[in-house]
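Below: one structure in structure tokens.
In this document, chain identifiers A, B and C correspond to the written order of the chains, with residue numbering beginning at 1 in each.
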Amino acid sequence: MRRFSWFNATSIALGFAFLYIPILLLVIYSFNESKLVTVWGGWSTKWYGSLLENEGILNAAWVTLRVAIVSSTLATILGTLAAVVLVRMGRFRGRTLFSGLIFAPLVMPEVITGLSMLLLFVALNMDRGFWTVVIAHATFSMCFAAVVVQARLYDFDKSVEEAAMDLGATPVKTFMEVTLPIIAPSVISAWLLSFTLSLDDLVIASFATGPGATTLPMKIYSQVRLGVTPEINAISTIMIGLVTIGVLVASYSTKRASQRQERELKAVDAGAK
Amino acid sequence: MRRWLLISVPYLWLVVFFLVPFFIVFKISLSDIATAIPPYTPTFDITDIRGFLSQLDFENYAFIFSDSLYVNAYFSAIKIAAISTLLTLLVAYPIAYGMARAPKEWQPTLVMLVILPFWTSFLIRVYAWIGILKKEGLLNLFLMNLGVISEPLTIMNTTTAVYIGIVYSYLPFMILPLYASLEKINPSLLEAAADLGSPPWKSFWQVTFPLSLPGVIAGCFLVFIPATGEFVIPDLLGGSETLMIGKTLWGEFFSNRDWPVSSAVAVVLLLVLVVPIVLFQRNQEKQREAA
Amino acid sequence: MSEAAVLGSSQTATSGPGQKSPVRTPAPQSGFAPWKDPSREPIVRFQNVVKRFGDFVAVKDCTLDIYEREFFALLGPSGCGKTTLLRMLAGFEKPTSGRIIVGGQDITDLAPYERPVNMMFQSYALFPHMTVEQNIGYGLKQDAMAKPLIEKRVEEAMTMLELNRFAKRKPHQLSGGQQQRVALARAIAKKPRIVLLDEPLGALDKRLRQQAQFELMRIQETTGTTFIIVTHDQEEAMTVSSRIAVMDHGEFRQVATPGDIYEAPNSRYVANFIGDVNLFEGKVVKVDGNFAEIDWGPGLARFKSLAPEGCTGDQQVWLTLRPEKIRIAFEKPSDASNAVPGKVVDVGYLGSISHYHVELGNGQRVKALRANSARTVERPISWEDNVWLEWPPETGIVVTR
């Protein structure tokens, strides 16, 4: 059995300290009684209380949540389709362009994506607001979703799908009864990833939005520019807490599901060797 | 028939909402600013090719290249992105190495812990550093209490703060591909190297590092490309002296409301990034085919 | 339909000299030979089928008839086109040109799920999220069959393959051999007209494999279904099949019963591919009735052997000789038609038999086999011994390519 060497243990410990200490400090100072971030004035939850009275932030949070749910669902459907097209459709005219289009948003600077989206909406004369943000988020999230599902599709034995068709299932039935159940864990992770991407996004939403659809990151950003306030720490802590719980629960349940599947697939693969 | 229906749904979506917008950006970059809504006057009609060619108007580009502010912002963005990519690699490598050599049953948890911050808001993570780095912030407080320094350090609103912000925010993007390629290396290769008389540090440079190169390359692209166009980090942590093109574009668009010039800035930024993006995609496809 | 028509591919695949010669092959004859009956309609007909992948030609103009209740083997090295041929029959690949006819119906353009064939996959391709029962019943469910009927048919298939105990298990809870049986049960559950088997036993170890081969034969006989198997294992093909098509580079080299393939190969390629063989290159100098005299080097005694069909003088030929057909002795046999002296350079003792590598005067090495039927021998043949090799003229086969 392998053990941690002192060098590896130290580098991991330092690395994780670097990753987590800033977040930890932010959380701790959200419970600070004092308004001055650097002066510890004792424990208090009063900033959480004042959040509840801040209608602007509450509205923004509600808009953000709705955008995230709708856009991530759209992104997961489109991304799964895109992954199936990339992995299962073989060569077709324009495939290179298509895989480029899936790939580019992953690394494209957000300012460019945001600006180009906005100019499209203006050119189409669309009223900017909730739906334009949803479209913008769905578009760049679908590429992340496609990558996640694609990895899973590459993994699994194509002959399982062929077997279903050989036994008389039409392509649509094969997808619903065989492919989808097998790739389900990756589709769920794709949704979660799209959801958090939408929840986090500041830049693209700033470009794509219009009056009446201010998202939480936009609200936070405009307040941060005015200075550090414990209220921001409090809302950040709530977001971190929710996302952490969500991710932990999801990863625990999908891990169990995918472990089971992994074992199943491994057994089938081992049978093939 | 059904095949084409299936292909066309995600394809058309991306063409309409991702590809076409770039052409619109290009078109508007050739327009003149106007005090109207939207604040530009189109210089040509897309359907009129001849008119289009005769009226091509590159004055926004000429303006960008004649103004040292923009040119400096491009170069400075590339420089800052390159240096922070290198720094991220240096910070990430030992962590990824340690993870890949950790006991097998620990590894999923460690990977999870690297991914977790990535799930929490980017903006919040950058915001967290403001409280740490500012003059009366926690870092200075800590160091002064320890007696390491007597005067507070000025980090906030400098390029150093931007480096810290980029390394911190993009660290998972570097660690994960590095870990993936390091984890694949068969430990018996190192045993073989040792058996053949190579001391550990030599084995590292001659065996481990070359085999981890795919991860190094992927990680560097994943950090460098988005960092070049970064807006939030230089805006919140950097000072007025920190020029980055993403910030310039934002300012041009939201403060100056000059849509044509900000479009031209975006087009040039895209051209700057096209080479690394294409190289990266090639590299990824090659890796996938090899696998 | 004549044998030649059955074989007729782009190249003229002659059926070898075995047909006209007085030789009786020692292989068992079952009397089941629908391919010899011109009134029989084939169940599968490949008609000038070509498959190209870009520039690569996987299958070159193949024409082949397979008959009902046959256990037909497509045998060849990897990349010879055998799997492509099978996948075209299943509908996973579309021929570049040519037609595929099953039971008189042209199925070339049908989708996989519209064809009366079922396949057992090399990887088994069991649905990981379904139980054994659900896997086997999946095909029946697609036919919208009544539930009790499905249950009955699944039960039948499970009984036939002794899988009843595992009905509620998922694939990952089964051993390799059990998974293999589930895959087979799933392929036969729909009672298709043709079952396709793509390297079905490749994943099993040798002992299990032999057991599984006999199980395949048993299932094929009891169900009376036509089986088409793809394999690269010549022993497997010889064991299970009624006829074998030896393939190479997308072409049929020979299509015949296992006995004929072994005892009467039509080319050096087939002789080499199936079993061990000694090759002597030479020229026909005289044809005398059924027999030809072959000159295989200056100063060497001529061989006498069965003449190949249409053989003329001065033709370049190869004598193919199986090691077990050669007798090895210390003394020169008195009345042998073919006898050559040589020196033993290598001996391999395998218990039941021994291998001898004998170097002839011209430097050529010949392999001979001898069964160790006596427990003790006065003087065993050993290294450096000078020996004589002898074989009757009917045992060697002369091929012209």
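Convention: contacts are C-beta pairs under 8 Å (C-beta built on N, C-alpha and C of every residue); 3 or more make two chains touch, one makes a residue touch a chain.
Quick caveat, the model's predicted, so the values are computed rather than measured.
**Q** Mean of the CA atoms for each chain, then the mean for all of them together: which chain is nearest?
**A** Given all protein C-alpha atoms shown, the central chain works out to be A.
**Q** Counting C-beta pairs in contact, which chain pair has more, A-C or A-B?
**A** A-B
**Q** What whole-Å value do you get for the distance between subunit B and subunit C if each is reduced to the mean of its CA atoms?
**A** 60
**Q** How many angstrom between the C-alpha centroids of subunit C and subunit A?
**A** Here subunit A and subunit C have centroids separated by 55 Å.
**Q** I'd like the Å distance between the centres of subunit A and subunit B, where a centre is the mean of that chain's Cα atoms.
**A** 17
**Q** Could you please specify the touching residues of subunit B with respect to subunit A in the complex?
**A** 2-3, 6-7, 9-11, 13-15, 17-22, 24-25, 28, 38, 91-92, 94-95, 97-99, 101-104, 106, 108, 110, 112-114, 116-117, 119-125, 127-132, 134, 136-138, 141, 168, 171-172, 175, 221-222, 225-226, 228-232, 236, 246, 249-250, 253-254, 259, 262-263, 266, 269-270, 273, 277, 280-281, 284-285, 288
**Q** Note which residues of subunit A are touching subunit C in the complex, please.
**A** Contact set of subunit A toward subunit C: 157, 159-160, 162-170, 173, 178, 181-182, 261, 263-273.
**Q** Touching subunit B in the complex: which residues of subunit A?
**A** Checking each residue of subunit A against subunit B gives 1-5, 7-12, 14-16, 18-20, 22-23, 25-26, 29, 37-38, 78-79, 81-82, 84-85, 89, 92, 94, 98-105, 107-113, 115-117, 119-120, 122-123, 135-136, 139, 142, 146, 154, 171, 196, 199-200, 202-203, 206-207, 217, 220-221, 224-225, 228, 232-233, 236, 239-240, 243-244, 247, 251, 255.
**Q** Note which residues of subunit C are touching subunit A in the complex, please.
**A** Subunit C residues touching subunit A: 90-92, 111-113, 115, 117-119, 121-129, 138-139, 142-143, 170-174, 176, 179-180, 186, 190, 203.
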